[in-house]
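Structures given as structure tokens follow.
In the two complexes below, chain A is the common chain; its partner is chain B in one and chain C in the other.
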Partner chain A sequence: MSYILAKSKDNAILEAGECGGAVTSIFKYLLDAGIVDGVLALHPEEDIYDGVPTFVTDSEDLISTAGSYHCAPTMVGDIITKYFSDKKIAVAVKPCDIRSIEELIKRHKIQRENIYTIGLNCGGTVSPMTGRKMIELFYDINPDDVVSEEIDKGQFIVELADGSEKGVKIHDLEKQGYGRRDNCQRCDVKIPRKANIACGNWGAEDGWTFIEINDEKGQELIDGAKSAGVLETKNPSKQSVEARSKVENIMIKMSKKVQESKFDDAEDMDAWKRCIGCYACRDICPICWCHENCELNKSYFKDELNIPPEPISFQGVRLSHMSFSCVDCGQCDDVCPMDIPISLIFDKLQKKYYNRTGYIAGVSDDIKPPLYSPDKIEL
Partner chain B sequence: MFEIKHTLCPSCSVGCGINVILDNEEIVGTFPYKRHPVNEGKNCLNGRLSAENVTDRHPFDLKALNDAVNKLKSGSNEKTTVIFSGNNSNEDLEAIKSLCESNGFNILAYADNLKGFDSVASYEDIENASNIFVIGNILYENPLVGRRIVRAKNNGAKIYVNDNLENTPTSNIADEFTSVSVKEFIENNNIDEESVIIFNKVDSFEDLNLIESTNSNLLPVYSKSNTKGALNLVEAMSKEDAIELLNNTEILLIFNDDTVNEIDFDFKSISQIVVFSPSENDTTEIADIVIPVKSWLEYDGSFTNCEGLTQKFSSLCESDYMSITDIIEKINEGLE
Partner chain C sequence: MSDDIKIVGLLCNWCCYGGADTAGTARMQYPPNIRIIRVMCSGRINPSMIFKAFEDGADGVFVGGCHIGDCHYDAGNYKWSRRTKIVQDIIEEFGIEKERFRFEWISASEGEKFQKTMNEFQKTLSKLGPLELK
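The block that comes next holds the complex of A and B.
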């Protein structure tokens, strides 16, 4: 593992990029050198609150994907499984994305040699409509006037076209039910160290991207992009490395605190009584990949007349099949038409499992999650 | 080429957004549209299956269209009835309406015994209400309006539910649950002008007058994406009137609707049924002539949702078929 600061040598990318435009430049190198068939990144469809996954095959089009979209809680694990299993791709990944990819690699749904993973550190994402409402309410700004947003020093900061900025403490927003998604508030994997490289603004100087190189493939990416003339790098100071690690630890501590205060609520299962049995939570879950053969589709579980389903025979099945691999991505919460805080219990059980086995979903190096592994440990 | 494109859900009148995934211009799935103000990326199962449900159609056959036009020419206009369905876009409905008006065809707009109201409650009104009266299993049948009721409850609203089924998601969130007639439910409760009444079914057309007489905020939730748009153009019919009209019909034109599953009537008694449909269903099954048309994924248009919000959608893929508006132009040419 090593650290560098990097920035794009292309002015347009440097301008459009969130920090030093390093991520976009590395994508450009991979496309132009023909190393990948395409790049899976986000682009703002309607506006900055509407980040939609897009597959770029021509490096000229990368510019529209540059920048960080904090109001775009997307997930790429299942997209790669379903649509890109036969392609060589590079992909921008938040920690929850790479964790799901790791779990899917273990399940032979994604082939490691086919993907380059460019990690983005992540302090959390905000649901798009929550973000817009919160900007109206707490910033007194028309959300349509915002040109970019960032999370820095405990604040959610918005920038207007004239360059002016306004920030509000995330803690204050979250106390009132706004701010980051509930799962992000609990998320304690902030730097995607399973990706080939992890990029962020923590510890970076202005106009540079701080990169932690996680593996050999990551080193090759940096070396390749440099020799192709698209990236320049320098060494970060000791202080910036320390500063970065300090913020990371503070963020993790904050998340653990939220976990402690929220996990008890998972016992209160009242919300399941409004479950409409629509299976959106299962279908979106990147870890639940066996849809057609899902146990829940078997006749003995399928009970059309029994809506709401018995939690134990519906979520109970899912919990026993995959909660140990839950990566706390919150996609299940996001799509639930009934606003049931589904991820809370899955995340709680994964943490319980971690406490007994030391297995962190999508992070631990085990070849397989312990339950799947031949040498089962006695709990 | 992998693409994700925005569209609207065509499966009920809530007006949810949905993203469609295209792989090499073929629709392969749906994806949450989290930026959409109505549903924030949440869709029920019907919504998520809507894109898949566009089934293979027979190829377009000009002869079938000519046959239909000839039937119309030889038939009696007073005995020709057109089903005015909320499955169609506002633009197609305008074309259907003018076809009927210029030829003197009867228009049949049946909406599960519901009708249009000039002013309706908005979704925001629901979330801010203190007392909400719900008729039907809204959480299950129209989940993304149901969610607004859940949010209202979290804001402290009191929820009264009347439905014939117990232990449903809707009855389970009720502060008070009853299983009485709509008439009794309205008369027995203290419903004031500040209250919101949300309903997706009633026992009879008369119930609607009773509901209206409370002067509270009303939200009828229709089963089709653009019933509100349809009822902005023509008046809804009661079940009895619809059946009477069908009894006097010799030629029935059905534009994009599975009418046989909605009105309990012996459709075989009608001598000619011509169906214009983007998919095969029980109604195309009994039709004399079936003319395949574009699905909502293949043309530009707009739907007006039950709260009165008109939203546009765009064509997402190429199509070998004609839109209903184009077909009607051809029919008009043939009838001239």
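The block that comes next holds the complex of A and C.
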């Protein structure tokens, strides 16, 4: 593990990318050198609230994926499983993305040698609808006028076409029920250390990307990009490294506080009464992959007349299948048409499992999904 | 009414089912509330089976397997013992008292242990009363 600062040598990428454009440059190198078949990254379709995962095969198109999109919470784990399992790809990953990829590798759904993962430090994402509403309410700005947004120093900052910026403290937004998604407020994995490299602006000098190189593959990536002439690098100062770990620690501390207060609500949750049994939470879950053979579809659990389904035999069954591997990506919350905070209970059980076994989904690497192991151990 | 308490019992063929049989042939008295389902191994039991039992009206679920180290299939009861933790964690979240779910290692010769366990479990459940799911 080592740290470097990096910066793109391509002016167009520098302009379009966030703080140094190193991520886009590395993608460009991978595509141009023919190391990967394509790059999976976010591309804004209509506006900045509409990030669409896009498979880019021509390095000229990469420029449209540059920049950060906090208002477009997506998940790549299940996309890779479904569509790219036989391709060599590079992908930009948030911590929850790489955690889901790790869990899927353990389930033999993704091949590790086929995939290059460029991690992005993540302080949290905002759901697009919440994002629009809060920009209207707290910023007094038409959400359609916003050309880019970023999260920096505890503020959610929006930028307008004329270059003016306005920021509001995330803490204040969240007190009013806006701000980051619930699962992001709880999340305590902020730097994707399982990805080949982890990039971000925390602790970086202006115009540079701070990169943590996590493994040999990551080192090869950086060396390759450097010798191909797309990237310039330098060593970070001691202050940089310290500033970065300070940001990380503050964020983790905040998350732990939220966990303590939120997990208590889970027990008396009566939101399950709103469930309409649409199975959207199961279908979107990156860890749940055996849909065609799902136990919930078996005749003894399928009960179309009983709406809402009994929580114990609906969510309970899903919980017993995968809660220990829940990466808290919050996709189930996002797709639920009845706005049930499903991820809360899954995350709570993952934490309970962690307290028993020390297993953090998608972060601990020494063990298989512990329930399937043939080992003769008791918990 | 304690007679109305319904217990679903999932017993492993090689040990606990034999233990229940031993209790029966020796005419040891135990509460008749349990409905026994024989399974080949406690390692065969999924958490979802326990949930299904609760959903369909069981007030308590009992699982009996071989003593650790004695599994007929080598490691089935280890697998089951790991699953029990998950079951306990999950039922709590949905408002089912964790005392309503019990598992025990009972060998084929331990008729007395089976009798004792059933008496205890029935007593616990009568105190809790019938299960009302939220």
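Here is the rule we go by: the second predicted complex is superposed on the first by the 376 of 379 C-alpha atoms of A that agree within 3 Å, B and C clash if a C-alpha of one lies under 4 Å from a C-alpha of the other, contacts with A are read in each partner's own complex, and residues count from 1 in each chain.
One rule holds for everything that comes next: contacts are C-beta pairs under 8 Å (C-beta built on N, C-alpha and C of every residue); 3 or more make two chains touch, one makes a residue touch a chain.
It should be emphasised that the depicted structure is a prediction, and the values quoted were computed from it without experimental measurement.
The superposition on chain A brings chain B alongside chain C with room for both.
In the superposed model, A:K348 makes contact with chain C only, not with chain B. With both structures placed on the common chain, the touch criterion links A:R274 to chain B but leaves chain C unconnected. In the superposed model, A:K257 makes contact with neither chain B nor chain C.
When the two structures are aligned on the shared chain, A:F55 is found in touch with chain B, with no touch to chain C.
Using the contact criterion defined above for the overlaid structures, shared-chain residue A:E310 touches chain C, although it does not reach chain B. Panel annotation: after superposition on the shared chain A, the angle at the CA centre of chain A between chain B and chain C (CA centres) reads 80 degrees, nearest 10. By the touch criterion defined above, A:M129 lies against chain B but remains apart from chain C after alignment on the C-alpha atoms of chain A. Once the two complexes are laid over each other on the shared chain, residue contacts for A:P73 go to chain B alone; chain C is not touched. By the document's definition of touching, neither partner reaches A:K246: not chain B, not chain C.
Contact with neither chain B nor chain C is seen for A:H171 once the two complexes are overlaid on the shared chain.
Between chain B and chain C, the minimal CA-CA distance in the chain A superposition rounds to 12 Å.
Comparing the two interfaces of chain A, the one with chain B and the one with chain C have no residue in common. Residues of chain A touching chain C in their complex: 266-268, 270, 272, 295, 300-301, 310-313, 316-317, 319-320, 323-324, 345, 348-349, 352-353, 356, 370-371, 374-379. Interface of chain A with chain B (complex): residues 45-47, 49-50, 52-55, 57, 72-73, 82-84, 127-129, 273-276, 278-280, 283-284, 307-308, 334-339. If you check the complex, the residues on chain C that touch chain A are 46-48, 51-52, 54-55, 68, 75, 78-79, 81-83, 85-87, 89-96, 133-134.
Considering their complex, residues 1-4, 6, 19, 21, 23, 28-29, 31-32, 34-37, 39-45, 48, 139-140, 143-144, 146-147, 150-151, 167-169, 172-173 of chain B touch chain A.
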